[in-house]
Amino acid sequence: MASRYLHRRRVLFHETDLAGIVHFSNFFKYMEEAEHAFLRSLGLSVHPEENWRSPVRHGWPRVSAKCDFHVPLQFEDEIEIELLVVEVRSKSIRYRGYFWKDPDGKRVRAATGEVVVVSVIADRAAGTIQSAPIPDRFREKLEPHPGLEM
Amino acid sequence: MASRYLHRRRVLFHETDLAGIVHFSNFFKYMEEAEHAFLRSLGLSVHPEENWRSPVRHGWPRVSAKCDFHVPLQFEDEIEIELLVVEVRSKSIRYRGYFWKDPDGKRVRAATGEVVVVSVIADRAAGTIQSAPIPDRFREKLEPHPGLEM
Amino acid sequence: MASRYLHRRRVLFHETDLAGIVHFSNFFKYMEEAEHAFLRSLGLSVHPEENWRSPVRHGWPRVSAKCDFHVPLQFEDEIEIELLVVEVRSKSIRYRGYFWKDPDGKRVRAATGEVVVVSVIADRAAGTIQSAPIPDRFREKLEPHPGLEM
Amino acid sequence: MASRYLHRRRVLFHETDLAGIVHFSNFFKYMEEAEHAFLRSLGLSVHPEENWRSPVRHGWPRVSAKCDFHVPLQFEDEIEIELLVVEVRSKSIRYRGYFWKDPDGKRVRAATGEVVVVSVIADRAAGTIQSAPIPDRFREKLEPHPGLEM
């Protein structure tokens, strides 16, 4: 069972804006990148092989996302996204993300994000998307991180 | 004094992802786009002409952003972003955004976002960014929309 | 029959980078945006309604794209993308795009792009993508612009 | 002296579009990402520390970019960008990029790109950008890769 993942990456040029800092929308992309890397580390994917060919696909759309920005990130900054499983419900998962700037040095928290993803079945032929219980292969591997205030 | 703005646009191809819907990070871009169009409609810019040449610049970074996603948006959907000024404080402004899908038809609310922007002075030479009172040219034109629960 | 389209838009904040200008990758997005607006003006879509539900879909991937950058674009610049049909072959179309900065004023050409799109049938169940003759509904409406050197 | 660099990364969810493949504009971002990683491996940066505080900054805008797309890339594909220095002129550098899909397996070339970057001095106070000789710190470390047809 896993509830925490550390994902490293570096700020790219095109992620900055004219203010010289990372555009805030990228923090949401970073957090999703960490979530998918976390799942991959557990042998899971949000878009498994069988999804490509089937008209009925399982997916994980976001139902809410938020982020507080504490310190700006800049080009070539090394960052660590610390991803935590906050809550596992019947059909949804809540993740939190801490964004650490200069992770091997001063380790400043640059931002704090949270996202709720919901398990859905999308039927392309019928044109419907419906929430569905979290598949067992996910449920067996994910548990909330202890000691997190919600 | 203004407190509400309607911004129309259409969903672009590159804003969708393999799930066939708009990637959630784009809602934050849409809301910023509406905010800047709102300010432009008042003769204001977050990056006025004088900013380009001066080493000391006024700016509006986001300190928090959130969005709840109700209904997916798809390629070529026409949407209307209804931007509302929720709160004007000494150094920050809170905006809310309602995302209306099919605005001339069923008018379904696809998402609800909120963002807090803070007035700052960035001094490139000194390498500092500090919060600062909202410039008068903004304060004179923006007021909270009545009847919004915060 | 149509062979030319003018598409207006304004440079958005998140399209700029720390150099204070539009990131070059966005010129390719702008040109695609103009292409889709052009097709919409003719009652066409690269992703028509029937695509959503069928496992066999028609599409228009790019096989090549290029752009020469003459003059930088900046935040809030108004631009006009002049899209021209250069060549219509059996399975592909070549478009050229001129990017006009300050279109109502000095009308400076900021960039010149070209893209080749190919008509394909993607069969999700079989996992294949194959080039296919341009559908009649497109062929009936598009013709090369006269007087363009290729 | 260096003239070749290998950069690995994985395709991210938000880089795909509704066709289920990487949006073509991302190949240009990938190639820039490889270029900056290459320079970093040589102790160089396109935006060095001194740039942040000075009103007169050195930069590397693109004057042209092109890419041919051979095979689509999909979510979670591992790719290797092979970056080659093609030409070093007095004020510009031409890079080529080969995009290898499944680099440890079938090693299929998914795309071939080329970009020309020019050395410039941007003076914010004066509002000018002018081409300038390549700084020695770059010239000393970069040389064309032998055996490349231009």
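The chains carry the letters A, B, C and D, assigned in the order they are written, with residues numbered from 1 in each.
Keep this in mind: a contact is a pair of C-beta atoms (placed from the backbone, for glycine too) under 8 Å apart; a residue touches a chain by one contact, two chains touch by 3 or more.
Model, not experiment: these values are computed from the prediction.
Chain centres computed from CA atoms place B at the largest separation from chain D. Simply put, of A-D and B-D, more C-beta pairs touch at B-D. Chain centres here are Cα averages; for chain B and chain D they lie 32 Å apart. The geometric centre of chain C is 23 Å away from that of chain D, both derived from CA atoms. Averaging C-alpha coordinates per chain places the centre of chain A 28 Å away from that of chain D.
Across the assembly, chain C contributes 13-14, 18, 20-21, 25, 29, 32, 47, 52, 74-75, 124 as residues in contact with two or more other chains. For chain A in complex with chain B, the residues that touch the partner chain are 18-21, 24-26, 28-29, 32, 47, 59, 61-69, 72, 122, 124, 129.
Residues 12-14, 20, 29, 32-33, 36, 40, 45-47, 52, 74-76 of chain D are the ones touching chain A in the complex. Residues 13-14, 16-18, 20-21, 23, 25, 52-53, 55, 74-75, 124-127 of chain C are the ones that touch chain A when the two sit in their complex.
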